[in-house]
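Quick one: this structure, given as structure tokens, is what I'll be asking you about.
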Amino acid sequence: MRPSGRDLDELRMVSIETGVTKHAEGSCMIRMGDTHVLCTATLEDRVPPFIKGSGLGWVTAEYGMLPRSTSSRMRREASAGKQGGRTVEIQRLIGRSLRAGVDRVALGERQITIDCDVIQADGGTRCASVTGGWVALRLAVNQLLKSGEVVTDPLIDPVAAVSCGIYAGQPVLDLDYPEDSSAGVDGNFIMTGSGQLIEVQMSAEGSTFSKTQMDQLMELAEKGVSELVSAQKAATSA
Amino acid sequence: MRPSGRDLDELRMVSIETGVTKHAEGSCMIRMGDTHVLCTATLEDRVPPFIKGSGLGWVTAEYGMLPRSTSSRMRREASAGKQGGRTVEIQRLIGRSLRAGVDRVALGERQITIDCDVIQADGGTRCASVTGGWVALRLAVNQLLKSGEVVTDPLIDPVAAVSCGIYAGQPVLDLDYPEDSSAGVDGNFIMTGSGQLIEVQMSAEGSTFSKTQMDQLMELAEKGVSELVSAQKAATSA
Amino acid sequence: MRPSGRDLDELRMVSIETGVTKHAEGSCMIRMGDTHVLCTATLEDRVPPFIKGSGLGWVTAEYGMLPRSTSSRMRREASAGKQGGRTVEIQRLIGRSLRAGVDRVALGERQITIDCDVIQADGGTRCASVTGGWVALRLAVNQLLKSGEVVTDPLIDPVAAVSCGIYAGQPVLDLDYPEDSSAGVDGNFIMTGSGQLIEVQMSAEGSTFSKTQMDQLMELAEKGVSELVSAQKAATSA
Amino acid sequence: MRPSGRDLDELRMVSIETGVTKHAEGSCMIRMGDTHVLCTATLEDRVPPFIKGSGLGWVTAEYGMLPRSTSSRMRREASAGKQGGRTVEIQRLIGRSLRAGVDRVALGERQITIDCDVIQADGGTRCASVTGGWVALRLAVNQLLKSGEVVTDPLIDPVAAVSCGIYAGQPVLDLDYPEDSSAGVDGNFIMTGSGQLIEVQMSAEGSTFSKTQMDQLMELAEKGVSELVSAQKAATSA
Amino acid sequence: MRPSGRDLDELRMVSIETGVTKHAEGSCMIRMGDTHVLCTATLEDRVPPFIKGSGLGWVTAEYGMLPRSTSSRMRREASAGKQGGRTVEIQRLIGRSLRAGVDRVALGERQITIDCDVIQADGGTRCASVTGGWVALRLAVNQLLKSGEVVTDPLIDPVAAVSCGIYAGQPVLDLDYPEDSSAGVDGNFIMTGSGQLIEVQMSAEGSTFSKTQMDQLMELAEKGVSELVSAQKAATSA
Amino acid sequence: MRPSGRDLDELRMVSIETGVTKHAEGSCMIRMGDTHVLCTATLEDRVPPFIKGSGLGWVTAEYGMLPRSTSSRMRREASAGKQGGRTVEIQRLIGRSLRAGVDRVALGERQITIDCDVIQADGGTRCASVTGGWVALRLAVNQLLKSGEVVTDPLIDPVAAVSCGIYAGQPVLDLDYPEDSSAGVDGNFIMTGSGQLIEVQMSAEGSTFSKTQMDQLMELAEKGVSELVSAQKAATSA
């Protein structure tokens, strides 16, 4: 029934390749089927003004799509002169989600910026960005632990994200673009490795959904996130 | 236990005053305690290019805060030269939510723009904007029905929104600013008059929450929205 | 002969309601007929860089119109990405005018920002902003005097403004929108409570005027400002 | 008593050199003492959208200062990314003033853009721009009359401008920069060749002025404008 | 003597991998040592307004760097709100160079946009963009030829680019970042497969160079471009 | 054969008039035929942040065209809200070229800004800006030497620029607008008084050129620059 032939509760093929750029303190290319996102972590000793002197660390994120990551070419945001509303929403979400899994006292007064750049898009880029972004963050933090700059691991629990939605009347896991563009209800669940919720965003466009459906979607998400956390662990244990 | 002395499941005092500006096709001042939002509806015969000729209508929203609606003065966005990320997120949410309750075929090829301007802020301005925005929309659509320009009521069901969160370890309804600024988990539920969900946005900042807590928050939201829908009906029946 | 039936030298009904927002150090809603402007004063201890260390205070103003304050909806300046030329002109005028009535030595090194936001427009919004802005300023300064932060009253004399113009060949006082949009000559007089001039701006669009007419307009303005100063005094004495 | 040794009612040395650029339909360099402004007129067959099809013409203006036209270098507005408030105010004033002397029906549906670029500044640049701008306009219109594209002269009456102010307690004509920067009251009078007023802008900064002083300033202005109109006539009669 | 141990006239290891994204009409990842640039070609039926109706085609380019393609993180241009001067210069150069090898009549009224996005930077990104950009262009044009939309091959000759400079007093080919950042003279040669010049850009910073050195650099460039053209042919023949 | 009747290797009539504005530390109006550029030098004690404390000086440039310097009016960049790509390219070139002739240690920690404003354009404005810019720079540095603020002359060698191109199949020197707009190949040579190269920029649009042609163009450039350097010396010796 799904265009891809997947089961209702089946993720796309996930791969996480680490160490893909030589400059970043942490990096990976995450592939969820045909959605490919390059995630890098940049470590800096400075923090934003609003926490200067607080002893707390900061994790933030930026998101972008290459102009031809999509089926028809998108206008380059740098040339349009600003980041669109969707971009701003997504990067705020990524930063907020990753921070939820960080002990900012243990991190100390330093900032880690996660850049998520979509190389190829086929739906679910923001979820792939969170999941891959956490891997880049994990690798950068590993450097800090190895060098002794940080002594207590500031990463409390892995953070991963998956989309769910109601497609052709059925709750489905991890929507690809053909599903996403016709689903009346869809959203994202961001959770920790131990199954706690960080962010729930379900929204209907020209439609509504019931509490029962909400429960079914949440169950799908729990299954998906748990598989993604396994992939994160496999990619970062070495 | 709440700073305001309210019960955990108690809304702030709600008032919806209609007809507050002489120019708009629909308008109201919604007050949720000390949060006051002026909502106006503007009716236009043109639609955005992407639906031109489709026969479908459009509902969109814009949101702003007066510089001194808050405790310390915010920079005016017009002077800063752009709408901030938070503003963009909120106005997209308002537009999307209101459209979920509209039969766009029945509306016909016309656009209604809902402007939500926060005169005084004390938490929950986006929810107040959705709830008050629907009232302005209802009044503008009433004009269309009265004049015969539209024959079938395009408003399927009222749309209202309420915030919930976990404050001092307890799930609470309708957070005011003191609660909002210290709650580790909070979010918004947007629902219809018949109890269907339109949008669920729960997010944790430096914290997480369990599925059980999510269920408790949703129950609070159902109670809150049902009371807000009563207030909307009272304000628009005349 | 005037659309509103007023006499040539008759102001619209004036009302000044103070204390209308809980956050601002001074606030009022001024209503000149159907023109309603919310004026707030924000008190800050910092001053602009160019007077830092001079011991002098500063008064500045910002002006905005809600998108649907007008008969047809205006584009929101925050969304357009900049303040238009008219807005910039008006807010510079308001700031300059109010400063003319302030002893900046007595005020001391602090800044007061007057925000004038037009809730409903029917002509004469800049004049209403000056008149109402002075009331907000007066109330904020009263706080400084009461707390002892400032000992000598820095407000030398009330400042108020009124528009005049030549409508249907006749000099008239306080133009409303129907008059304003058809007057070939109009402008604003800003004066002090003791009848001194601060700013005179008369301009003709597609027309000219004589020195005799200029004199008649100035006489109307003197009458109008004197009545507005009485309203300011009534609103701020308590 | 004046820094330049001029009499109170004495203009600076005025020179208007026409035909200074080969591309423009009309051009002049106006020099009022050390203030030098290059004025060009550009003739186009298109008009702004808001008068398309009306049969009426349009005259508009733009103003700029070269970065080192002033004593210390100003930031280039093109590099700052926008025209400042002062620039916007001035160019609106120039356009409005020149239009007051134009019969837009006789001009027909065409646009003339007057560019006023300050090459060297020593006070009074906006007045010099109006006076020189009218000369460029006159020359461009002469071309239209000569070619027969326009049959009735659309220039009703010359338009010229002069500044006045109260310097060291005395009303003076045509302020140069040293006077301008210390005058508490100053402004501009824009008038026609036949002595009618187009625009009066007097403003006090940190000071006020009386009706009597206003009358004295207007008398000075009448004298100054009458001399400037003679210079305009001399420059354009050939 | 070179930091990399290369001979003076030795290119870095070149690899050109085609077909790297599923959406673009042509794509490749070009790697010149540690400089990696993703090049995509987008085919559109519309052309820019200035050639509409001329029957001529258009080739244009855009260039960007991922924020962490460099050793320390660069600010994202989309977030800075504009493309910097260097970006604008580079993308104009790429477009102009590629157009020199295109028969725009044979291409017909369609546009091909080449996006060059630097994934990892180690010097010479603009040259890699031209060389890789031509490969993407070749692949997109192949589709047009295959489908019969275009009958005469519009690509006259391959176009490739290489940098040269004077490093430690010696003319060297294909500077990497360590060389580039200390070379007083460097630049780019863009040439065709048959050895004709398209663009020569040599520039000295805090230094100068002689005509003899210019000749030596040109010789190096000829050798380098000839090898790059071989790599382009190998990558696109299949 | 050339539209102007000049020989293939003949410059336009060159004139350099110095001391043209009273405020700048150095200034000239350079005229290359009908191309007229006003160049001013501004001396400041501050340097850009990236060299603060280094003891080195800085020379930078800005470039602009008056809106009606061209045959049809160009949009004012200040009103467009940004400098176009061409402007940015040109001003970076001017600054880079002038710096190549400066001993930044001898200059000491101060900045000289060269503003090049095109009053009238007929091709070759960037070259005229470099040549005239150096004259303004020379005059400003002379002041520093005279006052004793700088003891060793920081200007190593004059810097001048000329354009060359292939027009109607023939290499020609110093293209005017009619030549420039139809030449398939053109560019700029920037050289020192002693014949060293600083910058070479040749580019073909819809065409290519051979190494032999490149040599011919370079020879023309050498002749042209040598004549321009004589004109610079004549203008600055006094």
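All chains are identified by letter, namely A, B, C, D, E and F, in their written order; residue positions are counted from 1 within each chain.
The rule is simple: a contact is a pair of C-beta atoms (placed from the backbone, for glycine too) under 8 Å apart; a residue touches a chain by one contact, two chains touch by 3 or more.
Which protein is which chain? UniProt says A, B, C, D, E, F = Ribonuclease PH.
This structure is a prediction, so every number in the text was calculated from the model and none was measured.
Trainee: When every step has to jump to a touching chain, what is the lowest number of steps that links chain C (Ribonuclease PH) to chain E (Ribonuclease PH)?
Mentor: Graph distance in the chain contact network comes out at 3.
Trainee: Over the chains that touch one another, what is the least number of steps taking chain B (Ribonuclease PH) to chain D (Ribonuclease PH)?
Mentor: 2
Trainee: Can you name the chain that lies farthest from chain F (Ribonuclease PH), using the mean of each chain's Cα atoms as its centre?
Mentor: The most remote chain is B.
Trainee: Going by C-alpha centroids, which chain is farthest from chain D (Ribonuclease PH)? Tell me that one.
Mentor: The most distant chain relative to chain D (Ribonuclease PH) turns out to be A.
Trainee: Can you check how far apart chain C (Ribonuclease PH) and chain D (Ribonuclease PH) are, centre to centre, with Cα atoms defining each centre and the answer in Å?
Mentor: It comes to 28 Å between the two C-alpha centres.
Trainee: Can you check how far apart chain B (Ribonuclease PH) and chain C (Ribonuclease PH) are, centre to centre, with Cα atoms defining each centre and the answer in Å?
Mentor: Comparing mean C-alpha positions, chain C (Ribonuclease PH) is 33 Å from chain B (Ribonuclease PH).
Trainee: Please tell me the distance, in whole Å, between the geometric centres of chain C (Ribonuclease PH) and chain F (Ribonuclease PH) computed from their C-alpha atoms.
Mentor: 51
Trainee: Hey, what residues on chain A (Ribonuclease PH) touch two or more of the other chains?
Mentor: Each of 82 in chain A (Ribonuclease PH) touches at least two other chains.
Trainee: Could you list the chains in ring order, beginning with chain A (Ribonuclease PH) and heading to chain B (Ribonuclease PH) next?
Mentor: Cycle of chains, anchored at chain A (Ribonuclease PH) and oriented toward chain B (Ribonuclease PH): A, B, C, D, F, E.
Trainee: Show which residues of chain D (Ribonuclease PH) lie in contact with chain C (Ribonuclease PH) when the two form their complex.
Mentor: 82, 85, 88-89, 92, 96, 99-100, 104, 187, 192, 195-211, 214, 218
Trainee: Please name which positions on chain E (Ribonuclease PH) make contact with chain A (Ribonuclease PH) in the complex.
Mentor: It is residues 21-24, 27, 34, 38, 40, 42, 44, 62, 64, 66-71, 73, 76-83, 87, 113, 115, 117, 119-121 of chain E (Ribonuclease PH) that touch chain A (Ribonuclease PH).
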